[in-house]
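Okay, so here's the structure we're looking at.
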Amino acid sequence: MEMLKTDGITMQFGGLTAVKDFNLVLNKGEIVALIGPNGAGKTTAFNMITGVYIPTKGKIYYKGKDITQMAPHNITKLGIARTFQNIRLFKDLSVLDNVLIANHLHIKSNLFEALLRLSKYKNEDKKMLKKSLDLLEIVGLLDVKNEKSSSLPYGMQRRLEIARAGGRNPEVLLREEAAGGMEPKETEDLREFIKQIRDDFDLTIFMIEHHMQVVMGISERIYVFDYGITIAHGNPNEIQNNQRVIEAYLGVDDNA
Amino acid sequence: MKKRDYYLTVISLILLVIFLYFADRYMDAYIVRILNLCAIYTVLGLSMNLINGFTGLFSLGHAGFMAIGAYTTAILTLSVNAKAQNFFLEPIAAPLANVVLPFFPSLLLAGILAALAGFLIGAPALRLKGDYLAIATLGFAEIIRVIFTNTQNITNGALGLKGIPAYTNLWWSYGIAAFTVLFMVLLINSSYGRAFKAIREDEIAAESMGINLFKHKVMSFTIGAFFAGIGGGLLGNLLGTIDPAMFKFTLTFNILLIIVLGGMGSISGTVISAFVVTISQEALRFLDQPMDLGFIVIPGVAGMRMVVFSILLMLVVLFYRHGLMGTNEFSWDRLINILSFKKPLLKGGKK
Amino acid sequence: MIKMTSEMFLQHLANGISLGSLYALIAIGYTMVYGILRLINFAHGDIFMMATYFAFFGVFFGLPWYVSFPITIILTIILGMTVELAAYRSLRDAPKISIMISAIGASFLIENLAIVIFGGRPKAFPTEELFTKVVHIGNVSVQRLTFIIPVVTAILLIILLYLINKTKTGMAMRAVSKDHETARLMGVNIDRTISITFGIGSALAAIGGVMWGLKFPQIQPLMGVMPGLKCFIAAVIGGIGNTTGAVIGGFFLGVSEIMLVALLPGLTGYRDAFAFIILIMVLLFKPTGIMGEKISEKV
């Protein structure tokens, strides 16, 4: 089933074309990567899909529904969750609160029911709490649940980001990874982790990733951006042997 | 809540009620007035803290909502005769001349009208970012003030209203203050309260969490306006006279001072700060009057009090940005620790 | 709408242009500081007020106006730069709300200090025959001042635009208003550039203040509040961050305010609210103002 599809989306900021004519297809259960040098327009593409930007041209479809003009919070409600490169955690709030907030969009009780702590609300609250605690357990952050999120080390913050994404019950996860260095063990852990959440949560994953070991190791398909243009699209093998990609990005590479 | 905390809280409340009873019957009118003001500023502080402190919206329009609340209760509680006396320049608009309501419905209406204004103002204004929101809300408050100064047949214009019945007593003000505290605690600890805090922390992340920014901002704003209106109403029926000049930006500033000093993300901080600031403002009144030290008389300097408070605000925002409580709340644990000079346990430490 | 002779109309128009010039001078200060710090300098209106008091005391102590007024400008510049140093510099990286509160606090502090030091009662600004002499053109009578103000403003503007667009300092100011980090990497001394910005804004406010005092000779400690707010609104109307915009906004507001009261005297009481209503219209329909500089946030 086609989960996400973009039809020639283009993003222009004044005279600058950040993304030109991007055609994405994302099928259920796939792990698809978006790679490219810095400034190639990857984050912009994510922003268009999640509603932060409205594309200058083109359309975006989620399970057949046109979401091009939709507001970000509604897109999230439909089932697309997104993590940020610079991990936009709610710094002053606790780890648990961060995940609880991700559940808010599902709440059915209105303000008065919440205020009066009617049983309808209390039940929802209990469910949200249980779900959040489960998520924290999966990412291994249960024992720091009351710590301020900004006090966590970077690796744990990343995991919290994922837990937050999970809280939204997404069907599609847009994962944006930072470019920082990772050791071989971390890379392997990350690979396993991504596959695991895809399986456990029945997700479809579209990720911006800079670590080629991760990309080549688990992606089924890869899109390559350069200056906003899709210069290649295919499976890891095809991409690794694509001349244009090698010139633009991978380089003559002894690492992949 | 732990059993111990539950009992401690109930005992404190009972003590408060006993204190209020004695204060109401036996204490000097001046002190009672200050006590009333403390409670009223608690309500006002909490209402502003919801919008500015918890939701992170920079709203400077509070005086406007208070004005709406104060004028509503004033007009509704003034007796027919008193109304006629006040509106000597131009008679009050016909439907209002004979309407006299008891205190509670008047207060409720005050809150509702202020909330309505909050909703109408919020709808356009809350689409704006940070600084623009501040100026827009300031603008609205000024517009309200100017309108009140010019609608002679509804508000009696610049003359203001005198002889407002003194319905506000300790029971009303503390009762409403207690209700406001309870309301805020329930709100902030609910999922909606968390959504407000998320908006404060990071709007873009909050939006990507599926939180409808606009809807929640308007919610917070309207609720804040509601309580501001009630606070304004309580104030009017305490002071006995109101006029548009009372609701200038200075009033908003005073409440801003309270919530900044107390810690903008803390309910208990606001409560404590409301008491501290209100009492200090009275206590420092002597700065404005001549001081008789026996051997010399230092002439009073009008405005010195506000200079001190301005400096205080600057110092807090420059050096103690988080105010007294930061984003923490009162807890019996903390108080007991402070009182018994216990050092907080280090992680994994032994007693 | 009342009927008006063309002479009266011209008279009102002349007044409007005068007022507009004064608004423009003060608005520039707001827009420059906002452009460079993203801060509404609430204290700017009070700095304008202090300038009028500086000038007042200069003359009060016997100095001729051509000595007192320049000294006023210097003192006001010092005041403006001091406010920046004390109230804003250390909060540059703090959450936006803190620096805003500091601005409000500084504004209140200056106002109340003025009340304490100068007393709350209005004082009479010195009048100078040279400026207040009435000139007759046909049936229209205006003070010389009414012409002098726009001329002075125009000259200052030309100097300012030259400064901003053709000098290194100006370039530094423009760079800092785009991006602090990058400007720093390019070797721009951020602190100095910001101080200079405040200095220029204060100098213009000082000149505006002196001319304001000559035109409306009553000064009191809270006289900067309304004009301050209105001038910020003027800056927003013209496009906040844009100097030319501030001038356009100032003139627009000044002229419309006078014309509104002249043509619809029944609405005189709403004169002050008028500016706020325009503000809200602008914020709702074209928040980037007439000159429209977009300040966007990177996600």
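Chains here go by letter, A, B and C, matching the order in which they are written, and residues are numbered from 1 within each.
Operating definition for what follows: a residue touches a chain if its C-beta (ideal position, glycine included) is under 8 Å from a C-beta of that chain, and two chains touch if they have at least 3 such contacts.
All values derive from a computational prediction rather than experimental measurement.
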_Chain with minimal offset from the mean of all protein Cα atoms_ = B
*Label of the chain whose CA centroid is most distant from the centroid of chain B*: A
*Roughly how far is chain B from chain C, going centre to centre by Cα mean, in whole Å?*
33
*Distance between the centres, which are taken as Cα means, of chain C and chain A, whole angstrom*: 48
_Counting only Cα atoms for the centres, state how far chain A is from chain B in Å._
42
_At least two partner chains per residue is the criterion; list those residues in chain A._
52, 84
_Multi-chain contacts only, two chains or more: what residues does chain B have there?_
204
*For chain C, what residues touch not just one other chain but two or more?*
299
*Considering the complex alone, what residue numbers of chain B touch chain A?*
183, 186-187, 190-192, 194-195, 197-198, 201-202, 204-213, 219, 265, 327
_chain B-facing residues of chain A, complex_ = 50, 52, 71-74, 76-77, 81-82, 84, 88-93, 97, 100-107, 109, 111, 114-115, 117, 121, 124-125, 128, 164, 167-168
*Of all residues in chain B, which touch chain C in the complex?*
52, 56, 58, 124-125, 127-128, 130-132, 134-136, 138-140, 142-143, 146-147, 149-150, 204, 249-250, 253, 256, 260, 264, 301-304, 306-307, 309-311, 313-314, 317-318, 321
*Okay, in this complex, where on chain C does chain B touch?*
34, 38-40, 86-87, 90-91, 94, 96-98, 100-102, 104-106, 108-109, 112-113, 115-116, 120, 225, 229, 232-233, 236, 269-270, 272-273, 276-277, 279-280, 283-284, 287, 299
